[in-house]
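Two complexes are shown next, each including chain A; its partner changes from chain B in the first to chain C in the second.
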Partner chain A sequence: MVRYFFRRIYSSFVTNVFDVPSKLLALLLFMLLLVIPATRPSSYVLLILIIAYIYALFAASWDLLVGRAGQVSLGHALFFGIAAYTSAILSKFYGLPIWATIPLGMLLCALVALLLGFPSLRVKGPYLTLVTLAFPLILHTALFAFDPPVGGEYGIALPPRFFPRKFLLGTEFLAEYYLILFVMFISAIILYKIANSKTGIVLVSILDDESASKACGINVTKYKLLVFVLSALFAGLAGGLYAHSFGAIGSVSPGSVLGLTTSFYPIIMTIFGGIGTIYGPIVGAFSLWTLMEFFQFADELRVLIYISIIIIFILKWPKGVAKFVVEKLDELTEKRELEEREKKK
Partner chain B sequence: MIKRERKRLAAIAVVALVIAVAVILTSLYSLGPVERADFLTKIKKLVIFGSISGSVFALLALGFTLIYGVADVVNMSHGAFYMLGAYAFSVFLTSLGYHPLTNQSSFLLFAALILAAVFIGLVGIVVYRLLIHPIIEDTLSVLVITIGVTLMLHQIMLLMFGDKNLPVRKLLEGTINPFGTTVTYHEILSVVLSFSLISVLWIFITRSKIGGAMRAAAQDREVATLMGINTERLYMLTMAISASLAAIAGILLSPPAASPVLRDWTYPLVMSFAIVVVGGLGSIKGSLVGAFIIGFAEKSIPIFFPGGSFLKGAIALIVMVVVLLLRPKGLFGKRVEAE
Partner chain C sequence: MPLLEVENLTKSFGGLTAVNNVSFHVDEGDVIGLIGPNGAGKTTLFQLISGFLKSDSGTVRFKGEDITRLAPHKIVNKGIARTFQVVRPFRHLPAIANVLVACASPRASKKLEWLKSPERKALDMLELVGLSEMMLEPAENLAHGDLKRLEMARALATEPDLLLLDEPFSGLNPIETDFLIKSIQRLHLDGYTMVIVEHKLRALMKLVRKVIVLHYGEKIAEGSPKEISQNKKVIEVYMGRVG
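This part shows the complex of A and B:
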């Protein structure tokens, strides 16, 4: 019985992952990320990878909302910031364990998304873009009304870390690295499954033509709210992870989690990687963060080179780099299958 | 349909005005004599400074709404053009031989203003032609590219000028005291300048041939192309006008000489968003009204609530959200859109 079960899993794995080159590529890349710590990188490198994974998750959640449902939001930092702040406050000042505070932060994000979604999803197109942009900035200024331990410019200093120092293995960030990698990978799979489920198809129909999908009897408002809440949940997860890994070595401050640039990051990463694909933003986030570190030799010109490269890539591949590669791979497999079929004839 | 819409708007405006006057009168009536005088000066201040910043904001938002209305481009680099304008003004001023102590001719100031506006207009053309034009059909890519341009210009400014703040001269020195408040000549000049620019632009758009082409392209890009309008060149021109308006607003609105945070593109960007959304995207009339609403709202914070200075940045956004929730297409935006 057990053997049969395993064999079935194995065979479905082979047909679903091994025989699809793009999925195989994704699996290989994941394996590569798993063995990176074996090369004994410095904690700095691990930290860069950790922040890349967090932003990958953040950008993927944005992609579900925008790439699938077409609700262009420029204020996703709102959820990132709410979750980061909630988790940091609850764990630092109320002594709650981290595994409880991050879900609480996500829950709060979902609630906020539900409350803001009702009115703001009424507006459409560029208006939605601009109204969503306002929310994190309003919260950003509102935080300045509170007194320093919580509010203020410097935010919450040193929220607790996931693992006490030197947990398990020698390197400082190793345990966090694996934790965040796995969380990112599993959430990415969930997001991918949602995006390609029946719900995902309904969402794409809303993206394509809202009036037509309404005419087909789809409750557009319900689906929009659903995707808004789902997206907020995962953005909140990313925010919570941020607060206890990258934020925990400095601070969770309004500038770092609620600023304009925090809202801009997922957009840049998603467009760079390929919108509407879920894997696109992950590739985008990963390549952009590593690219940023790669140009460290350029010193002052670093950011300039980096932005020029992004602009050139977007002009050259407006569909996104990852999407381009995957489409090429799919084309190749189709060609190969056709050739094989012709040979059989 | 449109007429009814206008009537409703007018009714809303009248009701708002009546409520505002009633609130002011009742509070005047209930206050003591000293507080009454204090309150009156506050109101005077609000009216004067609100209209000053409102008129410059109008200039800023007009560029943003113009390029959106004509070319459907949500230009995130509008704030960068504003910032760049102030820098270019300062650089041109020093290279023209202006010196705050020895050579103070105001002719040089105006020459630098015009040079800076033209220069930023050229920058706008280059940005449009090289970066925005190839992907203009894809709104999201345009968004990202213009964000990229903003970050890039920010970096270039950082590399060229570092952290030091360039002194921004006032166009005119001196002050006058109307109604017991101090107003600088620079502020009066900026009101006059923005209003004359706005009226020139209005006449240009409504009367001239190119303006007609702009309105045609705003209505329907494809049909305008079929009618023989070169939309590419038209968009380039629109972008140039939009960028130079932002630059002039940047020069007029820059903080006085020694004040910091010149290298800031978020503030003008957020302001133009708020104004344009309140007024209705793509509507020139709307952005004028929106600019004054936002101007008054912003100035009311330091005047009426001196303690809540942290609210100064958020008030414009709060007004924007409230207006948008009441009217999802802004005050003057198209309410019903054929989809």
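This part shows the complex of A and C:
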């Protein structure tokens, strides 16, 4: 019985992953990330990668909202920030453990998304974009006014503590690396499944033509709220992870989790990797974040180099780098299948 | 009790009254044609019935229930499906996914046969309109005639009791027109109730048993195709005053 079960899992794995080159490639890349620590990199490199994974998750959640459902939000940092602050406050002032603070942060994000979604999803296109842009900026400024509890501009100092230190002598970085990598990978799979489910199809239909969706009997408002909440949940997960990781460098401040850059990172990463794909933003986050650090040696010029590279890539592959690769791979498989069919004839 | 009752429906845009005090009813199993010159208010009337526009006054009753102020998706889930005059496909989705969206509506999910997958149903609908070979083709690659049929499949997938077809023949070549006439006749035999807005009178007159003529938002005539084609007022509207 058990053996039969395993055999079935194995065979479905072979047909679903091994026979699809793009999925096989994704699996290989994931394995590569798994073995990176074996090369004994410095903790600095691990730190860079940890932040890259957190941003990958954050960008993927933005992609579900924008690439799939077409609700362009320029203020996704709101959820990142709310979750980061919630888990930082709960953990610092109430001493709650991490496995409680992050889910609570996510829950609050979902609630905020629900409350803000009702009024703001009534406006469309550029108006929605402007409304979303405003929310994190309001919170950003509001936090300055509350110096004593949340530390105003400097934020909350919080020691990174995913694992109790006494168990992991000097391997905290490694443990955190694997934890965040796995959380990112599993969340990405969930997001991908949502994006390609029946719900995902309905979301694309709303992006394409809202009136036609209504004529199909779809409650457009309900679906928009649903995707807003889902996206906020995963952005919240990213924010919560960030607050407790080494990436926060000991503090959660308005500038680091609610600033304009935090809102814009997922956008650049998603467009670089390929919008509407879920894997695109992950590739984008990983390559752009490591690229940025790679040019550290160029000092002031680094942003210029970085931006030039992004512009060249987007001009060359406007659909996104990852999307381009996957489409090429799919084309090749199709061609191969056609040839095989002709041979059989 | 008639399936659909429209009573004194009025809608004006600014100073222009697009639909003026129009009343009619549709019995179950009927196929009704709605004709009139450009700007007569035919499409506006459809928009009002399907909830995309809110009427100024008057009521729309469906199966005896007042649906005048309901949202469009709720009206679809009550059992009134519509197509658009200008095709509105989901361009990024393959043909079958276009129909799947309609299969995801609450009404279609509830009416889905036991042990039948929504995908299977979507494919059946495509087969019904003769598009099953194109099922994986993105809608943006389909020809205009195919899109018209796709729109029919999408409307049918919501399991409607009443179908509102807004100019189903516009932009179709003669072969496609004949095919669509046959499809609609088959739907009629299957017991679907339909209201068809159309300019191509020749195609329409083959299909319908009753015709309603609108002119400047007002109903000027109602009757069988034969009666309508001999009605002086209608001829005047279409041909201009004789003599």
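Keep in mind that, in the parts below, the second predicted complex is superposed on the first by the 328 of 345 C-alpha atoms of A that agree within 3 Å, B and C clash if a C-alpha of one lies under 4 Å from a C-alpha of the other, contacts with A are read in each partner's own complex, and residues count from 1 in each chain.
Criterion: contacts are C-beta pairs under 8 Å (C-beta built on N, C-alpha and C of every residue); 3 or more make two chains touch, one makes a residue touch a chain.
Worth saying up front: this structure is predicted, and the values here are computed from it rather than measured.
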Touched partner set for A:V66, first chain B, second chain C, both or neither: first
Which of chain B and chain C A:D208 touches, first, second, both or neither: second
Chain B versus chain C as contact partner of A:Y127, first or second or both or neither: first
Touching partner for A:C216 - first (chain B), second (chain C), both, neither: second
Which partner reaches more residues of chain A (counting touched residues only), chain B or chain C: B
Contacts of A:I275 with chain B and chain C, given as first, second, both or neither: first
Touching partner for A:K198 - first (chain B), second (chain C), both, neither: second
Contacts on chain A seen with chain B and repeated with chain C across the two complexes: 209, 211
Chain A residues within the chain C interface of the complex: 198-199, 201-202, 204-205, 207-209, 211-220
Complex contact set, residues of chain A against chain B: 66, 72, 74, 119-120, 122-124, 126-127, 129-131, 133-135, 137-138, 140-142, 144-145, 209-211, 260, 264, 267-268, 271-272, 275, 300-301, 303-304, 307-308, 310-311, 314-315, 318
Complex contact set, residues of chain B against chain A: 68, 74, 131, 134-135, 138-141, 143-145, 147-149, 151-152, 155-156, 159, 266, 270, 273-274, 276-277, 281, 308, 310-311, 313-314, 317-318, 320-321, 324-325, 328-330, 333, 339
Contact footprint of chain A on chain C as seen in their complex: 50, 52, 71-73, 76-77, 81-84, 88-93, 97-98, 100-102, 104-108, 118, 154-155, 157-158
